[in-house]
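When the chains are written out, they are named A, B, C, D and E in that same order, and each has its own residue count from 1.
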Amino acid sequence: MAPQSWYLIVSALLFGLGIVGFVTRRNSLVMFMSVELMLNAANLVFVAAARDHVPARGSACALFVIAVAASEVAVGLALVLALFRLKKSVDSDAVRELRA
Amino acid sequence: MNDPLLVLLIGGPLAAALLLALLPGLRPEPARLLTLLVTLATFAASLPLLATDAGGGMTHGFDAPWIAEFGIRFSLGVDGIAAPLVVLTTLLMPLVVLASYGHVHDRVRQYGVLLLAMEAGMIGVFAAQDLVLFYVFFEMSLVPLYLLIGVYGGARRTYAALKFFLFTVAGSLPLLLAILWLVQRAGSADLAVLKQLPLAPGEQGWLFAAFAAAFCVKVPLVPLHTWLPDAHVEAPTGGSVILAGVTLKMGTYGLLRFCLPLFPDASVRHAPLLLALAVIGILYGALLAWAQKDLKKIIAYSSVSHLGFVVLGLFAVQTTAASGAVLQMVNHGLSTGALFLLIGMIYERAHTRQLADFGGLARTMPRFAVCLVLATLSSIGVPGLNGFVGEFLILIGTWRDHPVAAGCASVGVLLGAIYMLGLVKGLLFGPIVHPKTATWRDLNSRELLLLAPLFALMFAIGFAPKALLDRIEPPVQRMLEAPRLVQERR
Amino acid sequence: MTALLAAGIAVTTALAAPPAAAEPAWLMLIKVLVAFGITMTIVPLLVLAERRVSAWMQYRVGPNRVGIGGSLQPMADLVKMLFKEELRPDGVPPFLFGAAPAIAAICSLSMMAVVPFGGTLELDGRSIPLVVADADIGVLAVLALSSIGVYGITLGGWASNSKYSLLGGLRSSAQMISYELSLGIALLGVLVVSGSFESGSFRLSEIIRFQAESGAWNVLRLPLGFALFTIAVFAETNRLPFDLPEAEPELVGGYHTEYSSMRFGLFFLGEYAAMVAGSSVIVCLFLGGWHCPWLATEAVVGPGGALVQVAVFLAKVLAFLFFFIHVRWTLPRLRYDQLMKFGWTWLLPLSLLNLLWAGAHAALGWF
Amino acid sequence: MLSERTAFLIFSVIALIGAVNVITRRHPVHAALWLVGTFLGVAGLFLTLGAGLLGAIQVMVYAGAIMVLFLFVILLLNLDAPPDEGLSFARGASLLAAVATLALIALPLARAPELRAAATPESPVADASAGQVANVLFTRYALPFEVVSLLLLIAMVGAIHLARRPRRDETV
Amino acid sequence: MSTVGALLLGLPLAAATLIGILHRRLSTRTAGTLAFAMAATCFGLAVAAFTHLRGLPEDARHVAATFWSFLELGRGDAALTLDVGVWLDPLSVTWALFITGVGSLIFLYSISYMEHEAGGARYFACLCLFLFSMLTLVLGKNLFLTFLGWEGVGLCSYLLIGFEYGKETAAQAGRKAFLVNRIGDVGFLLGMFWTWKLFGTLEHGELTPKLAAGLAAGIALPPLLALCYFVGACGKSAQLPLFVWLPDAMAGPTPVSALIHAATMVTAGIYLLCRLSSLFVAADWALDVVAFTGAATALFAGLIALRQRDIKRVLAYSTVSQLGYMFLACGLGAFASSAFHVVTHAFFKALLFLGSGAVIHALHGEQDLWKMGGLKHHLPKTAFAMRIGAFALAGIAPFAGFFSKDEILGVAFARAYAGDPACWVLWGAGVLTAALTAFYSARMITLCFDGSSRLDAHSHPHEAPAPMAIPLNVLAVLSLVGGIGLGFEALHWLPLHHWLAPTLAPLDLPPLPGALLWGLMTLAFLIAVLFWRIGAKWYSGDCEPARAAELTFPRFAGALAGRFFVDEIYGALIVRPLRFLAALALQFDVRVVDGAARGLGQFAALVGTGVRIVQNGTVQRYAFWMVAGAIALLWLALG
């Protein structure tokens, strides 16, 4: 059984990579993917931490996170689609102007 | 012993305003008629306020709990100082409505709503015996006037209305802080309680500064006066009359009712500063009035000068001077009110307010000439009319302790004559300038009816001020008790 | 070359999937090989059977030249597959082009890991459950692998760098996803009914044991569930009447038009393996797996009993496969929008209804 | 059977490499596929942690549904690799992100010494099998469960409405 | 007695308001007769009051009557009680007498004078109002009412001077008169405040005895207090610094000039000085200031009068000069003799003004002396009356002017003789002015009536109608009799000094020896006659204006004609800088004070633009800040 800290380290790395992806990449889809990465890292922490207490709860929480992530992606991608239809590109810099 | 009269005086116009607001279908004429009737009824109802005299104490008291936990009560009451001002307000209102027949033709109903709401607010200000209630009415009376100037005003009305609003609100913020501090310390917002509250000199200093800031903007005292000319020039005639007639008095009333009794040490300590500002106000205002080209601006700056006298009277901490100041408040309301009404009438005909455009009106409009000369004489303080009595009392009272200030102020009387007679000569005498002078018809009976009460009161106060002064003096005496003691010790 | 690599990976994933089983490594290896071997033998037979049965149904003979009555035809196809030239259109991502068919194949093959061929085999004192990895999540693994399978087809369509195959890939994956939904819910129906098991795990062997003990196969309890599940499996494996994506006239073969030789072979293998796996899952869930009502398989002692169970299980699977092929040549092909409409507006509500029915059944404990 | 530690190592390596590639790959489809790899890696980690149900669901939902959705969008929009994409907004952001990850790792360890304790005892305390998770899910977290279901419904409706191609009589 | 006082004040006010309200419907004639009737009754009442006071014993010769209490304020020493009432004492009754007397004559005169003027009713309303104010001033019970009258009179002069408001000059002159008066009024006001502060009362009844007691006890009062009142007096009686308004006031109709700028209003200053005589004496060097200003004004005005072309301006400057004489008398402590000169001056100056009015009336508005000449043939009666008035003005023996002027010179000589060297200068100035007066009055009479006729062709002057002639004749008689009747000790009929003594401060001056006295009188008489002869001869015959001009000192002539450019100097020194200051204040107000308020607004907008840069729409930027924020929070939480 690998010690819990290892899991935390891996999830921290995953989360860090997620942040890098989210902050640096201009393509909105890749940004979405980075968000998924971060969510996964969070799930990992949930389950890893729960293992020493009540494992089931960790999974339950992770389940909720997955559900939320799924709905987030659904709506997010719908928005990207609508955005693409408007701007002909998914580059997040394309939607820079604050006025209509 | 709750006497419902004051609640009626405030509630009546407010209810009427609400009613008018909720009747969009009402045609202009009946709406204006309703406004007139309500204002007349309020005036009639307000007369007994003057009649009863409780030796300086509070009459027509009405007291009900409002916000219990902070000790804030809905308490109203009127004494010798407030009664004349309330009656002045209720008197000017019907005149303003009558005047509006001449120049307000569209959105008449809303005009009525604003006037009635303003009247309620102003009576509330003068009748409030609770500090927080006073502040509420103080702000409430501000909004209708802002709208009045903003909607019915002249060319740059939005700028002027906003400037007026910002000046007053900025002034009243420190007031709010001070009130909250006081109420929190004293546990109650009632004036009587607050008077006995022992305040440390330092604390009293900044509280006085906060109160004075709000009221000096309203007076307006010199450095804070730049909103007045703009507000007057852009306001409709009715707005100007109310603005000059009553709104400015709220500032001086506040100084007398709150600053002097609640913070005696600070008032006496700051008295020289305020006296200096008052004298500057008188001379500076007069000079500016002389340099103006626009009729309304001349009268506006004359108001700055006249109210400089009132502040002078208040802070000389002398019963004679203070009574004179209160009397002068009423006088200024009458004379400047009349002047603004007259200028309004001329503006209705000539649609220009530049002095240079006029000349030789006396020949074509004799009645107007007589009225204007009368109003001017009252304004510059010619004996036999009300203006002189007020100024005389203020100056004679101030001379006792501050001869130099009184000396300089009396020069203001001279300057006053200069610019006012300049105005009269420009308008009435000399050759005819405006091509269409002949076409303007003289004052009709409505307009004369409008001015009659004002002139009647001017002569009445001019010849027999005793009736009014006896009503004013005791409460003033009571207000100045604390500062007088401090003055004596010094 | 990549194909072989892909096959190897398939085996390791099957191994890794169910780590919970604490058996010695070599026994696990033997089981995998046995399961892999059974599948690999059934698939060519299936291909041959399909062509013979369809021919029989259409009053024609079918392949009978190679071997006795065409029995060696699959060998011939295999040889053809291996030695044909591997074409690859230009502008195509090489790795993905090769990986796509492998993914499809891997997923289908790995599904067999979870399927219990028989009961337990007592051999020199060691009782060996006749299943590669009786994973706690059993049935869920099937679902998971089937959803991974979608990738094979989507990537296949995309990697071949042509509009038609892209559209074909998209349509087929859309179809599979839609029907995966009703597949899952129908599966739930079964679990709810056979939910009397205590530890709440999804093991297929326990479902079979439940059917054996209760004496009635699930198909009798959930006839609607059975029908829905089979339709969904048909859709999952892109079999007629749902094999629209590659057969569409304007799409010309759908996602595997650009594929040739062994890559096409892998796709082909994947498809048929999916059929085998699908039918075996159906058999386990609804037709009592290796259980045979009147033949008390447990009574027969020794290896013979297990073999009988495996035989019964294989018989059922072959029968079902026959049914697969039979349907292919009887029902017409559905148009794409009808297909999607049927999937969402008919199948989904019915499966919810079935779930309701199963819930009521479990709660009231009919039988 | 493989020891759990090695499984942990393999899967975490898969996950991390996948993650790195997700953010470095210029072509969105490649990024998406690497993401699938990461998801499978993480699913494996779940399995090593004994959360079998979660692993399956992770595969089924994340890898199976969400990534397919991503692929769908990428393919539908027919996106190709933008020319100079790569790691734009370079130095500042990545530096910051690096600091962030370090902070996330270093700080908890520095602060919570017990985390650095030796490996916990070998025997798995209790597996988070489907049954136990179900028990917890429908008793303790019943309300969140209902709320999430509602959320999913809303998300579905929202997504459909947003992504719907406007009919001729509608304007966007 | 109080009813007499009430009526004295009430009647003019009632008349004024009545005519004022009905002035549309009243013709000039009816309004005039009504006003004259009112004035006559007032004169009757004044006489009644006079006889009543004569009946009272010497020391209790005053009657007080209050009508209603004006106001009561304050308590203890700061108490201020003012009430409206009447205070009749020898001083006020004397003034009332000649005001109402001369006033009613002028009312009668102006009925016919204003016959064909437009707005005659308004004119008479103002005149009645003027009479009311003048009587309030004189009969007022306290200084407050005196001040009320004081300003009221100023107001009426403003209205009457600007009667023909169409003419720019009239409007301008009216305004100027009111403003200059106002300057004086401010002085009076300050004096009043100071008096109330020192004595706590403004009632004449209480103030005069207090002042007298103070004087007797030798308590010195601050000279500035007296000077405040003196400034007021100067403003009203047109003394040196503030006399500019009087000559311009001639723009008004002639009867107005006669009434206001000769007989009544200008004497108010003297009345004030006499009323507060003990205050002035107690304020040590205040009286010297009064004396010197008086002398200077007399001399200065006399010089200017020499070269005036307009007949009314000559008279105006002569009035200023004679007032200088009165102030000189007060300055020397001889309040009674100055009062005597006031009375006599009222008679002959009113006569001269009315006469000139008749002349102008006859010549249809022509006022330039150089366009008259030889009028004695056309207007014999007016010429005769004017000649008597001129003799009185010049101070020729039997006429009134001689006695009052001589008395003042006598007092000046006596004081100098008694050892006050400064008084020699005063006496010298007095004599010189007397000479000048004789010269210009002769000039006026000869230019106007004698000499060759310089009338333009088509004007044919006719004698003044009856209502204008009667006042002329009455005044002529008074100018003749006045001097002897009132002043001459010997007759004891109505010695003014004796009559006014109780109310005025006593004059401590050793009487001159008899011989010296008579010598002085003859000297004065000789000077007057001599200079009259020179003047008459100089301007008789057909002298052309040019010859006449260069005859006098040429260089000097410009200054005289231009009235020493006093108006221009005032304009430059006071009006222009004040106007510049006003413009400066306006700019300051708009730029600085208003600017500060607007500046505050712009500052807020500036801050706004600063903050806007942070929000620029790129998602990355937001993400970056979000993460940075998260780290910071983390650091805080765990740090």
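Please note the rule applied: a contact is a pair of C-beta atoms (placed from the backbone, for glycine too) under 8 Å apart; a residue touches a chain by one contact, two chains touch by 3 or more.
Predicted, not measured: the structure shown is a model, and the values here were computed from it.
Take subunit D out of the picture and the remaining chains divide, by touching, into A, B, E | C.
Path length between subunit B and subunit E in the chain contact graph, taken as the least number of steps between touching chains: 1.
With centres taken as mean C-alpha coordinates, the chain found closest to the middle of all protein C-alpha atoms is B.
Among the inter-chain contacts, the highest number of C-beta pairs connects A-D. Farthest from subunit C, judged by the mean position of CA atoms in each chain, is E. Ranked by separation of Cα centres from subunit D, the top chain is E.
Rounded to a whole number, the gap between the C-alpha centres of subunit A and subunit C is 33 angstrom.
Subunit E has its Cα centroid 130 Å from the Cα centroid of subunit C. Mean C-alpha positions place subunit A and subunit D at a centre distance of 6 Å. Subunit D and subunit E have Cα centroids lying 106 Å from one another. The residues of subunit C never reach two or more other chains; the list is empty. Counting partner chains per residue, subunit A shows two or more touched chains at residues 19, 23-24, 26.
Chains touching one another, given as pairs, are A-D, A-E, B-E, C-D, D-E. Residues of subunit E that touch subunit A in their complex: 615-620, 623-624, 627. The residues of subunit B lying in touch with subunit E in their complex are 163, 167, 223, 225-227, 284, 287-288, 290-292, 318-320, 323, 360, 362-363, 377, 382-384, 388-389, 392-393, 395-396, 399-400, 403, 406-407, 410-411, 413-414, 417-418, 421-422, 425, 428-431, 463-466, 469-470, 473.
Interface of subunit E with subunit B (complex): residues 68-75, 78, 80, 84, 144, 147-148, 151-152, 155, 158, 162, 165-166, 168, 170-172, 174-175, 178-179, 182-183, 186, 189-190, 192-194, 196-197, 578-579, 581-583, 585-586, 589, 593-594, 597. By the touch criterion stated above, subunit D contacts subunit E in their complex at residues 89, 92-93, 96-97, 99-100, 103-104, 107-108, 111. Only residues 19, 22-24, 26, 28, 31, 92-93, 95-98 of subunit A touch subunit E when the two sit together in their complex.
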